[in-house]
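Below, chain A partners chain B and then partners chain C, in two separate complexes.
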Partner chain A sequence: MTAVAQQATLGRRIRRWEGLPYGLILPTVAYLGLFFGWPMVQAFKLAFREDGNWTIEPFRSMVNDANFGEALKFTLLLVGVIVPIQFVLALAMALLVNAKLPGRGLFLAIFILPLAVSDLAAGLVWQSILTERGYLNTVLEKLGLIDQPHIWLDPTKPNQLLFAVVIAELWRSTAFVMVIFLAGLQGIPKEYSEAAEVFGAGLVQRVWKVILPMLKPSLQVALLFRIIFAFEAFAVVIAITGRAKTTLATEAWRWQADYFDSHVAAAYSALILVLSLVSAGLVVWLLRTPKEQMLR
Partner chain B sequence: MTATRISWRPWLSRALSYATAIVLALFVLAPIYVITLAAFSSQTRVYDYPKDLLPRHLSTDTISFFIHFGGMLDALQRSVYVAAITLVLALVVGTPAGYALARFAFRGADTVRLTVVATRAFPIVILSIPLAVIFIRWGIDDTVFGVSIAHTALALPFVVLTTASVFAGVSPELEEAAMTLGCSRLTAFLRVALPLALPGLAASAIFVFIISWNEVFASSLLTLRHRTLPAEVLSLLDGAPLNFRFAGGFFLMAPSLIVILIIRRYLFSMWGRVVK
Partner chain C sequence: MRRIRLIPAALTVLAALSAVAVAVLLGAGEKAAASPRDAGKVVFLSNQLAQVTEVDAVRNILLKGFPGNVDFVAVPSGQPQVWFNRIQAEAQAGKGSVSLLGGLHGDYLTIQQDLMDLTPVAKQLTKAGIPADLMTLGKLGTSKQLYLPWMQATYIMVANKQALPYLPKGADINKLTYGQLFQWAKNIKDKTGQARVAFPAGTNGLINRFFQGYLLPSFSGGVVTTFKSPGAISGWLYLKALWKYVHPQSLGYNFMQDPLLSGEVWVAWDHVARLVNALKARPQDFVAFPAPRGPKGRGYMPVLAGLAIPKTAPNPAGARQLILWLEGIRTQAQTLGSVGFFPVNGGKLSEKLGLGLLKMNTAVRRSQRGAGAVKSLLPIGLGPESGNFSKIYVDTFTRIVIRGEDVRSVVNDEATQLQALMNKTGAHCWAPDPPSSGPCQVK
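On to the complex of A and B.
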């Protein structure tokens, strides 16, 4: 058989399989439709329908609940504090690993360790450090900085509890951002940064004017995922603060698991969804690349 | 004068880089070290203060107390079952879609990809509450199978995107060559593409296992008496003693560290293209 004839048979064979990709994606589409799309519709029905009538009663119960303001405020605070700090940390980690330092492999291996740790585990880990008879007090006392254990997780001091949850979340979820940044950095040719250096740009200028603009797609993806996941802060808050602090997700969970009211729980989750979508839209809009700046 | 400044600067910047890297590394490592130390202290030393900072009195009592506490062993077993069923379901359903996205330029491919990314970003919080209601109606509430179904919905987008990225790394020319040599599309896939993709697929599978192992929100809403390990730990947390918390923290954390150590070589081929 000649090469041309071979090509022709191959072409025929491939054409015969035109429906194949659709067959291959069918199981995924069906599964997501049944166990993702449909429950999503049900969630909105739970939030807006009671006993066969349209209603906003669940939302009224949610807003009038004593914990609502606290939960909303604490959730927004967590998102607003965790995400910016962790982006700076992740950028530092990614730049260090991307630089040609000897031993960078070891640092990378260490930085990504918490990548798969759950928020419940992270909460318990940081509790062992911050609890009254814990490791932070031990170290401070051995250094002679305190002479009796300090209470770091004082339920009456909201700022300390916020700090505790923030540091546990920074520890756990910064690795995720770093991996995305590092993947992005590896796609930026070294020459750009080197050229800027030749022209006398310092480290801060290089990061701000050269690296960050080129890292914009990675920034966007990391921001989208991290903001959406931060709005769902749940087990880490329960593990560290007990019932002293509450978020939108812990409220949704309590209304469902403790008060057996799926309608109010669904209202909370609808609120989380709306907040996630609004901030996702904001991220996409704020980090949009004007057409004239596009490289490709 | 200028000459000395030039020879000093690289040295200084390198020293600063290492200092920053070491501080960041300690921030990651110190909590892992102390929770391990706490989990392997003896039952009485768990409450000691100030705590021992060196591993001098190691004991497995605290871990064994945790594992034999209440229904913890059963919960552990259920967690492993749920994660295993999730892994199989998610890979069987999701891998073909990943392959299709990597190999074929078909109409609607971008829509499929975008939808999958969007579902990956949807909060599990929203999914769990209606599923809890639906599962009661179907009679699969409080079962291993029910939790696995929810976890598969959660892990499926991840599987599709990572397997697509893995198959994109296997050159299509190899399959085409096999087909010109007499393989059918199926045998070309089974004997050429699949073996080459296997390590990446395994990495993806291991990560699915840990997604399920970690998940606590859906698990604790979908179960009542038959909880998975994290759900059981969460439900016992109110007023739990320190030894329970320390051992629990270590026990939930340890598998995820091991998993990352195993699959870290494949991490970037898995996630790199997810980003784009």
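On to the complex of A and C.
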């Protein structure tokens, strides 16, 4: 009896202990600290220290490098083009799946399929579609739409490679955003939309005035993830464009793997981190939800 | 029930039979090893042919039938230092276990004081017809034969026969000039509407070797010393002009055999190992020929592997016997057939190798023996900076040819970086640049 009573009081004590929530997240924090925080600190140290001295030499090498401007430009361009298109598409896809039409399971399966493909594999798939003797030209020729193969991956034509990378990235990662949106949509009570419908709101109005504002937390999460991932774009770009286009992550990899200079590679990584953090901060700030509007 | 019991019984019989077979084979092996010409135990340390399939080919094809017990130790390509460390450790100890070394020309320069003079073996090999300039490379600038040429690779050009009608008038494909290559590329584009000449300029392509071994030596006669010279500038301007007629997907090509086979590309330059599948698959459709000649000669880059005996070798006689075995025309042909390295032996190769490999072998020999060849070696003495060395050439190309920056300012800019790299590594000039006493200087 006493043992049971003691156990009960111990349990109660633990439950009343103010530090309980902190105790519960402690393992996660320790894990993140050990496997993400510490390597990050090390990477920063690598970028700022050379032969035991503090230095900004790696950053100077990075900024003065012939490929830095191109890499920064193309990375920002990718983020700026892919993310907005992807959000519109993902929203449409999520609404379609959420509309409970017949065959929604099939839509969902088709939409989600690319998520199972690694980014390098996705890049290679698109490369083999778009290359001169690739699947696209073969199909177009068979249909009689073109007489001779068209070159889709032509670095001399402005923005053609950007277009190819955007297509591949949209195919590969829009489903990811859609899943987040779908979860968000399913958390919105149907009554709101129905009430709006009763008051005569059309589909566009309902999406714009009811669904989107209530989807704001999901938008925020999706935007955070997508922007961070877009700054890391690498394998798809390499597979499709080869040496014609470069990104910040590509340059980081080259400095490490080809030029054996970990300091400059770390400087690139630090730059990617800072850009991701700044844009994440902007997203959080721009899409902040006032407390009184929070869905409880 | 009975059937089930039969299976273990059958298995037992099978096991017994195979045990007997293995015992017979082992016995036979021992008998062979005991023959009078036995070379004894030879430890063969090589940093070439180190991939799993290559090691397998060495043990089961190239060494098969050799009277002796060869222990082929391949150093993984990711850890080149292991090769040097072991050789130097044995030299310092004054006592070794390695009797034969296999490595690239550049590798031997740093350990030449530890190598035996192989002049007597070279004399035994006179009939093999190894080209004199390769033998000279094996002397490493001394009067002694420090290593013997073993096998080689290089870069050649391959064309689809469909491209041949567009060759400019009077051009001999085996004695092409860069001017004729330009005209050829232009003809193809003008008459078919598509650019069909291409280079492996993708992320993992070897176009850096085109600049270092072909374009710049042919136009300027050098690689480092002449980096800023008018010849080098005209080479870059040539490439910029040619690029208008080069397949735009070149920046994505890594191995030219793939676009050659798909028909995207008709004329390509690349390393032999990255062209071989095209010629093996459809030997009738392709021709192989040496890279073109420029104003300063026909730049070409041999990749030469050699065999050497360290002074501490416990079994130098066995090692010499193994060298003669590996240099024999039969083993050399097997080397080409199984691992794709070309013979240094000038003898006639068996037609069993297939038309594709024989065509390539002819192109390799022509590259080497034709008049006016400017031999350009793989960079020597750069160590971990060789990636940065190539970066300078590829960046120069990207800035001038792809981005259209001003040639002179790009070349001056990159020359500063090249000089800094040479000073940092202290690397002396290598061929075709004239030898230097200190770090190689950009003039």
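Keep this in mind: the second predicted complex is superposed on the first by the 256 of 296 C-alpha atoms of A that agree within 3 Å, B and C clash if a C-alpha of one lies under 4 Å from a C-alpha of the other, contacts with A are read in each partner's own complex, and residues count from 1 in each chain.
To be clear about the criterion, a residue touches a chain if its C-beta (ideal position, glycine included) is under 8 Å from a C-beta of that chain, and two chains touch if they have at least 3 such contacts.
None of these values were measured; they are calculated from a predicted model.
Student: On the A-aligned overlay, A:166 touches which partner chain: chain B = first, chain C = second, or both, or neither?
Tutor: Neither partner.
Student: One more residue to check, A:42. First (chain B), second (chain C), both or neither?
Tutor: Touch status of A:42: first partner only.
Student: Would you check which partner chain A:244 touches, where first means chain B only, second means chain C only, and both and neither mean what they say?
Tutor: In the superposition, A:244 touches chain C alone.
Student: Regarding the shared-chain residue A:66, is it in contact with chain B (first), chain C (second), both, or neither?
Tutor: Second partner only.
Student: Looking at A:201 after the superposition, I want to know if it touches chain B, chain C, both of them or none. Which is it: first, second, both, neither?
Tutor: The answer is neither, since A:201 touches no partner chain.
Student: Output check: A:133 vs chain B and chain C. Expected answer is one of first, second, both, neither. What do you get?
Tutor: both
Student: With both complexes superposed on chain A, which partner does A:258 reach: first (chain B), second (chain C), both or neither?
Tutor: A:258 sits against chain C, while chain B stays out of touch.
Student: Can you pull the chain A residues that chain B and chain C both touch?
Tutor: Of chain A, residues 127, 131-133, 149, 238, 242-243 contact chain B in one complex and chain C in the other.
Student: Taking the complex as given, what residues does chain A use to touch chain C?
Tutor: Touch residues, chain A against chain C: 66-67, 70, 127, 131-133, 148-149, 151, 153-156, 238, 240-244, 258-261.
Student: Quick one: in the complex, what on chain C touches chain A?
Tutor: Result: residues 193-194, 201-203, 205, 247-249, 251-254, 259, 262-264, 384-385, 387-388, 390-391, 394-395, 398-399, 402-403 of chain C touch chain A.
Student: So in the complex, which bits of chain B are touching chain A?
Tutor: Against chain A, chain B makes touches at 13-14, 17-18, 20-21, 24-25, 27-29, 31-32, 34-35, 38, 47-51, 53, 92-94, 96-97, 99-101, 103-104, 106, 109, 112, 115-116, 119, 121-134, 149-150, 152-153, 156-157, 160, 176, 179-180, 185, 207, 210, 213-217, 220-221, 230, 233-234, 237-238, 242, 245-246, 248-250, 252-253, 256-257, 259-261, 264, 267-268, 271-272, 275-276.
Student: Spell out the part of chain A that touches chain B in their complex, as residue ranges.
Tutor: 6, 10, 13, 17, 20-25, 27-29, 31-32, 35-36, 39-40, 42-43, 46, 89, 92-93, 96, 99, 101, 107, 109-129, 131-135, 137-139, 141-142, 149, 171, 175, 179-180, 182-184, 186, 203, 217-218, 221, 224-225, 228, 231-232, 234-235, 238-239, 242-243, 249, 252-253, 256-257, 262, 265-266, 268-270, 272-273, 276, 280
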